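Chain nomenclature is as follows: A, B, C and D, assigned in order of appearance, with residue numbering initiated at 1 for each chain independently.
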Amino acid sequence: MIPEISIYEILTVTSILFFIGVYGFITRKNLISILISVELILNASVINFVVINKYLYPDMLQGVVFSLFIIAVAAAETALAVSIIIGLYRQISSVEVKDVETMKH
Amino acid sequence: MDILSLFILVPIITILALVFTKGLKQARIVSMIGSLIQFGMAINLVFAYFKERATNSDIMVFIRDVVWFKDFNIHYNIGVDGISVTLLLLTAIVVLAGVFISWKMKDLPKEFFVSLIVLSIGVYGFFISLDLFTMFVFFEIAVIPMYLLIGIWGTGPKEYSAMKLTLMLMGASAVLLVAILGIYFNSNADGGALTFNILEIAKVNIPFEVQKLFFPLTFIGFAVIGALFPFHTWSPDGHASAPTAVSMLHAGVLMKLGGYGVFRVAMYLLPEGAQYWSWFFIILATIGVIYGAFSAIKQTDLKYINAYSSVSHLGLVLFALLMLNKTAWNGAILQSLSHGFMTALFFALIGMIYERTHTRDVRKLGGLLKVIPFISAIYVIAGLASLGLPGFSGFVAEMNIFVGAFEHEDMFYRIATVVSVSAIVVTAVYILRVVGIMLMGPVVNEGFLTLEKVTWYEKLGILLLLIPIVGMGVAPLWLSDMILESLHPFIQGVL
Amino acid sequence: MDFSNFLLMRHEIILLAITLLLIVAEVFIPQNKKPSIVHLAILLFGIHTIIGFLPATDGNLFGGMFRTNGLIHLFKNVLNVGVLILLLQSADWLQEKIVRQNKGTEFFILLFSSLLGMYFMISSGDFLMFYLGLELSTLPVAALAAYETANRKSSEAGVKLILSSALASGVSLFGISMLYATSGSIYFNDIIQMITSTDLTILGMILFFAGLAFKISLVPFHFWTADVYEGAPISIASFLSVISKGAAVFILMILLFTVLKPLMHVWENIIYVVAVLTMFIGNLFALRQQNMKRFLAFSSIAQAGFILLGLIAGSQLGTATVVYFVLIYVFSNLAAFGVVQAISLQTGKENINDYEGLYRTNPNLSLVMMLALFSLAGIPPVAGFFGKFFLFTAAASQGYYVLVFLAVVNVTISLYYYLLVVRAMFLRKSDNPIPFFKNKIYMRLGLLITVLGILVLGLYSPLYDYIYELSGIFN
Amino acid sequence: MNFVNIILIPLVPLAVFLLLGIFNQKIKPSVSGYIGVAGLLVSTLLSLNTAYQYFFVNGKADGVYQTFVEKTVWMNFTDTLAIDMGVQIDPISVMMLLVVSIVSLMVHIYSRGYMKGDDGYTKFFAFLSLFSFSMYGLVLATNLFQIYIFWELVGVSSYLLIGYYYTKPSAVSAAKKAFIVTRFADLGFLIGILIMGFYTGTYDFETLNNPEGSAILNWASTSFMGLSVLTWALILIFIGGAGKSAMFPLHIWLPDAMEGPTPVSALIHAATMVVAGVFLVARLFPMFYFVEEGFALNIVAYVGAFSSLFAAIIAITQTDIKRVLAFSTMSQLGYMMLALGVSGYEGHEGLGYMASMFHLFTHAMFKALLFLCAGSVIHAVHSNYLKDMGGLRKYMPITNITFLIAALAIAGVPPFAGFFSKDEILVAAFEHNKLIYFVGVFVAGLTAFYMFRIYFGIFWGKDTKYEHKPHESPISMTFPLLFLALLSIIGGFIPFSEFVTADKAGFEAHLNYPLAAIAVGVGLIGIALAWIFYKKENDLANKMVNFFGPVYQWTSDKFYFDEIYLFITKKILFDRVSAPIAKFDKKYVDGTMVGIGNKTVLTSEKIKGMQSGKVQDYAFAFIAGVVIIALVFIYLWTD
């Protein structure tokens, strides 16, 4: 709860964050950096939850709790993703996104 | 078990029996027995019907109504009137004849007969059901086996023809489905419950706007299988590629579903829509009649000739149905029957000729009367029947249609009638052309001199089909009266 | 709270127990006995499935985070049956995996935890539980998609799935946050009271919807489907296309009909558009597929499009028809995948033209396949026809005749490509057809059940009536 | 009347037909011949009995011949319209019974000799019986639809008999032509029937023909394009009759029909079937006469007159004796038509009607005789062409005599039958329409000329050398000749006007000597000319040919009518209509249906790029989808 910053600024920031993540996801060449962009997207929503909770509905902690869970799940997700990517790397020794286009049409 | 459900049950049992058969001999015996029983039941049904009719004056008799899906108010609801009885008889005869004709089916005989009988189940069910949903189910059951029957046992570009036939008919049934749903959701127009029951819906007066919207869908949905111009193109290719027995069932029975459906559903449930649209479809039907006849002239493949003549003859059925009067409708039903027997007979004969000479190209044939007199003579008779010679069923049907159509008070309809009457000359042209080239004249091919004479099972098949043709032609009174009195309620419903 | 309430979570608890037990077994069963773990798993899960059918009571737990009722219970059973069939069909494949690559147990563990996730997802009472369920059901599948570590395609499938699903869940989380912002709660019951049709709510709903549409693989959120199906092991492909899709459809339906009911005037249009797109795109792509897995992938996309016709009704009729259709779809699609599985297991062939002349060598398999395809295409008298017809009825009941018409056009298109497979199996004669082979008992059992389902479910009307009265709950 | 006997008349031949037709292979030829003859004999006796009963015992009531009808419903159309099957006994039907019976019997007997040794012997007799059955049914018909039914049946039996030598392409095409041309005419007939039934509400001749009946009285009630609909109906029906009776321009089938065996030509294409048209007009005569002051009747008259002239001219130049006879038949039929056309109704006014029927009767006899003679000649020399004949009188005296008698009869030389009937016709024409009268007289002359041309050509003229000597035909063939010759001699003395008249009340007909004299004179001139040209072998004929040049060419080519028809059917109908339709069907109608399918497949090929396999493209599509949906449903589509 920061007095001189209204919820709108923060939500704007999170939205920008979200779209940065999306942009990164779409443009990065490297699978790992795509993962990072995903993290950005998730974090955008995490911040959303916390901020909305704090600014709008301060009497309950649903948003905050939610955000904790999101963080945890995100960690698991990343771990799994990285392991799969490593599995891929073992075969083609590359984590370039252009190397995962064998199946198409 | 009531007398009608047996028409579904017996084929199913036959199929189950077929599953355990080995080889051609057992398969054909089993299916022959099955269709013989069916045939007997059909005959019996006719008498039972007369007995029932004497006491019972409902629109439909032998009604059996079992709730199926109660939330949709879907019932397994069956019953017959004079019209469906005759059509059931037609089906039974054609199927039996078909079994005889395919006596020597070499490749996968068991599967062949199974699919054949599945098809017949669909047809029987369609003719007896009084519930739109059940009707639709049987309709599709009747269509799908055609794909395998043509695709596996056919000749020529069979895969193409089979696919085309199936898709066009299924597309039609898709349109039909929309129409059926439309009728269903307006069946409570008078505040009753939603229902698929034809007799119930007929009592409801569905709003004119709705009828105007859904009649064309219903009509086209059914008429495609009745080879309505310009949706007829599935039938020539389908016929040409199909094996003999299938062509017989296809032209003899399956295409009747169209006319019957139009009559039972489109005309009966949406009468105002029918009146509103009839002029338009009359034009299509008339074109079909003339067009089919003319394009038959130029064909060289026997099966194509008959396919196009079917387009012409069945165009006449739709034409008559659209005239919305009793005589014409009577003619339409009679025409369905007579065309059923005639084309079945034609295709049977063509099949025999093809089996012996290995060609269906008229230009390669000649002088068959000398070498296979029986088949050829029957072919001539069938030809004469199909060009509407008195003494055969075709004449009776066509005269009913023409007289009935001419009774229409609107000049436009009478002119249309005159136009379609002129088809009888064109018919004569293409029939006699084939007879002249193929049967008469000198024997063109030395090989023909040693052709195998007709066999007993072929004779049986032929006679099965020939007798009704002559019977209807010589003494039409009982049949046409039976149909006429079944038509009364419908006429009251429509007009 | 007294512990009898935990009986409401019967499914979840038992499944959890089974999973843990399998982990323990993995530790204790000696190497040479490993294959028997398959029998164990199937046995246990079979028992679990049967127990599932015992009558259950409705109720909530954890202050409404977890709720269950007759329909949800029924649906969990449907999922169980599906998974059981799937296990039966993939048993042989797993055994040889175990023998050759010494892996297998984790398959069950991952599969079951994913199923557990779905349980939680469909009986979730708030967005948190929903989110957890969603993730729990997605992530293990991603791992399973990459199961064949030796196979590049498999890993690629895994990568594509995990990344896309991460994005999807991110987006839908963002949406959920917006819904939270407007309604001030993550509990469905509270949201129902609070929700109003503001732009932010609609935006939130759309974002959230995208997340589920991704799992159901609706256009334009479907692209991952074909690639993942093709790369992943067949069992996983069929798991994705049947079980997870079914679960997602179910929860989407619940949310649309309850929480988002006030926004119906919006989402019915969205669904209209998406349905049309999905049916056409799915069918058009399916037309030209050669690989059976890809083929089924697109066909399953198209099927999802049909399902939306039930959702759009937004009534008890809609609920009933959707559940009924999904139930039938489970059997039909599993049958199709089962045959593909069996053949690819024996010969490694997965292309349509490999199936040429199949009927003459393996009539039974071909017949099963034909039934399955007819059921998917909606040909009477097999179950699929009834499912589709009722879906169309549901749509028509709201006056969407045009939509129904487009749908039946698509039925015709789909019939074309289903018949292409039938053509290959029945019409064509091949010079080197797939030789005759006999399936192992599990596979046969798996196929048998599906065939029975396809034949019986449609004609046996009381089942539908039962579903229909259960469906009253959400309206 | 005893209707059982009458109904048996058609049924016996039918039974014979079924018997011979079904057991075709089993029965041996000689037997089948006897069966056929026996069957016809029974019918003949029954007919004679009927005729006697009707004309002399119980037919008349207060001076007018009654009409007896016995019928039963065959099929119901509407509440009013139905097809009945039955027998109608009145003067013309009884008269026709006699004609058909006698000629048919003679032909049956004759055929036993003529067709001996032909491998289709049984089939032949089966067809003959079928024809006799149909013809009886036709003449006994009680209503338009029944007559139409048997009309078609005689048509088909004629088709079968013309195509009897079915391995001969010419025979096949002739049969086809005959059937299709008549079928085309029947189209008119059928439409006529439809109109008639629709406006009068009945098909029964009794009701239609009743001069006080509603049908005739209200003829003016509805009109179409300036004419009463009934007139249209009658014209259309007459087209049907014209087709069967080979009236111009529907005559083209008759000459080709000579491809059939000669007895067939004698029976069907000379004596019985071809007069069906005349019979039909006579059947509906009251309608023709009363409706719109006989507008339709005039058409009948002029068509008849023109046809008779036209045919007579062509007959002169033909070299195939059967074709000469065919055209002569056509010309005589024209005579009958014009006679009906100029006839009145009441009493002596109805002379033309009576004369027409009279001529029908006598013509049946002598024309059948002519054909049978021709047959026996052809039998002897195995050729139809005059050039192969000559001087046959030495070899076949009986044929020679009988042919001469027949020729004299047709030339209208007293006291032979033809003289009387022809004279009555000319009188009737003279009283009503001078133009037609002159045509008639001219035709009479031409008839005498061409008939004696072939007579001399066959039996006199050059002495052709025959490789094997021609001989007189066996008794089975000569007996019919003699019998018919007898009838051709005495037939004329029957007081026809007592029996067969338009109003069914007999009247006193007497020769009109001046007119008779003119007619006979013209006839004799014709004969004389023929004598000069063809009695002795000389080159006068060729001189004439050269003199006329092109005209001769046209006539001998029958004014190119076959070619015209051929052009219309082959070039226009087949190539300009059918072929395009067939092509259109394949190309466009079918093309569209197939095209829809191909387009779908093509589209799916086009859009495959969407599935690019790049996970980032998928993500982009995902986000784009979300954004677009959001924009659309938040800003555009907000209802």
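Observations on the structure shown:
In this section, a contact is a pair of C-beta atoms (placed from the backbone, for glycine too) under 8 Å apart; a residue touches a chain by one contact, two chains touch by 3 or more.
Remember, it's a predicted structure, so these values are computed and weren't measured experimentally.
In terms of the distance between Cα centroids, subunit C is separated most widely from D.
Geometrically, the chain at the heart of the complex, using CA-atom means, is B. For chain pairs A-D and A-C, the one joined by more C-beta pairs in contact is A-C.
The distance from the centre of subunit A to the centre of subunit D, each centre being the mean of the chain's C-alpha atoms, comes to 98 Å.
With centres taken as mean Cα positions, subunit C sits 27 Å from subunit A. Subunit B and subunit C have Cα centroids lying 43 Å from one another.
Separating the CA-averaged centres of subunit B and subunit D is a span of 37 Å.
Looking at subunit A, one finds that residues 22, 25, 34, 100, 102-104 touch two or more other chains.
In subunit B, the residues that touch at least two other chains are 167.
In subunit D, the residues touching two or more other chains are 597, 608, 611, 613, 615, 619, 623.
Applying the touch definition to every pair of chains gives A-C, A-D, B-C, B-D, C-D. Here subunit C touches subunit B in the complex through residues 317, 320, 374, 379-381, 385, 389-390, 392-393, 396-397, 399, 401, 404-405, 408-409, 411-412, 415-416, 419, 422-423, 426-427, 461, 464-465, 468, going by the rule given at the top. Residues 73-78, 81, 83, 145, 148-150, 152-153, 156, 163, 166-167, 169, 172-173, 175-176, 179-180, 183-184, 187, 190-191, 194-195, 197-198, 573-574, 577-579, 581-582, 585, 589-590, 592-594, 597 of subunit D are the ones that touch subunit B when the two sit in their complex. The residues of subunit B lying in touch with subunit D in their complex are 164, 167-168, 229-234, 237, 291, 294-295, 297-299, 326-327, 367, 369-370, 384, 387, 389-391, 395-396, 399-400, 402-404, 406-407, 414, 417-418, 421-422, 424-425, 428-429, 432-433, 436, 439-443, 476-477, 480-481, 484. Residues 608-609, 611-616, 619-620, 623 of subunit D are the ones that touch subunit A when the two sit in their complex.
Residue ranges of subunit D in contact with subunit C, taken from their complex: 597, 600-601, 603-605, 607-608, 610-611, 613, 615, 617-619, 621-626, 629-630, 632-634, 637-639.
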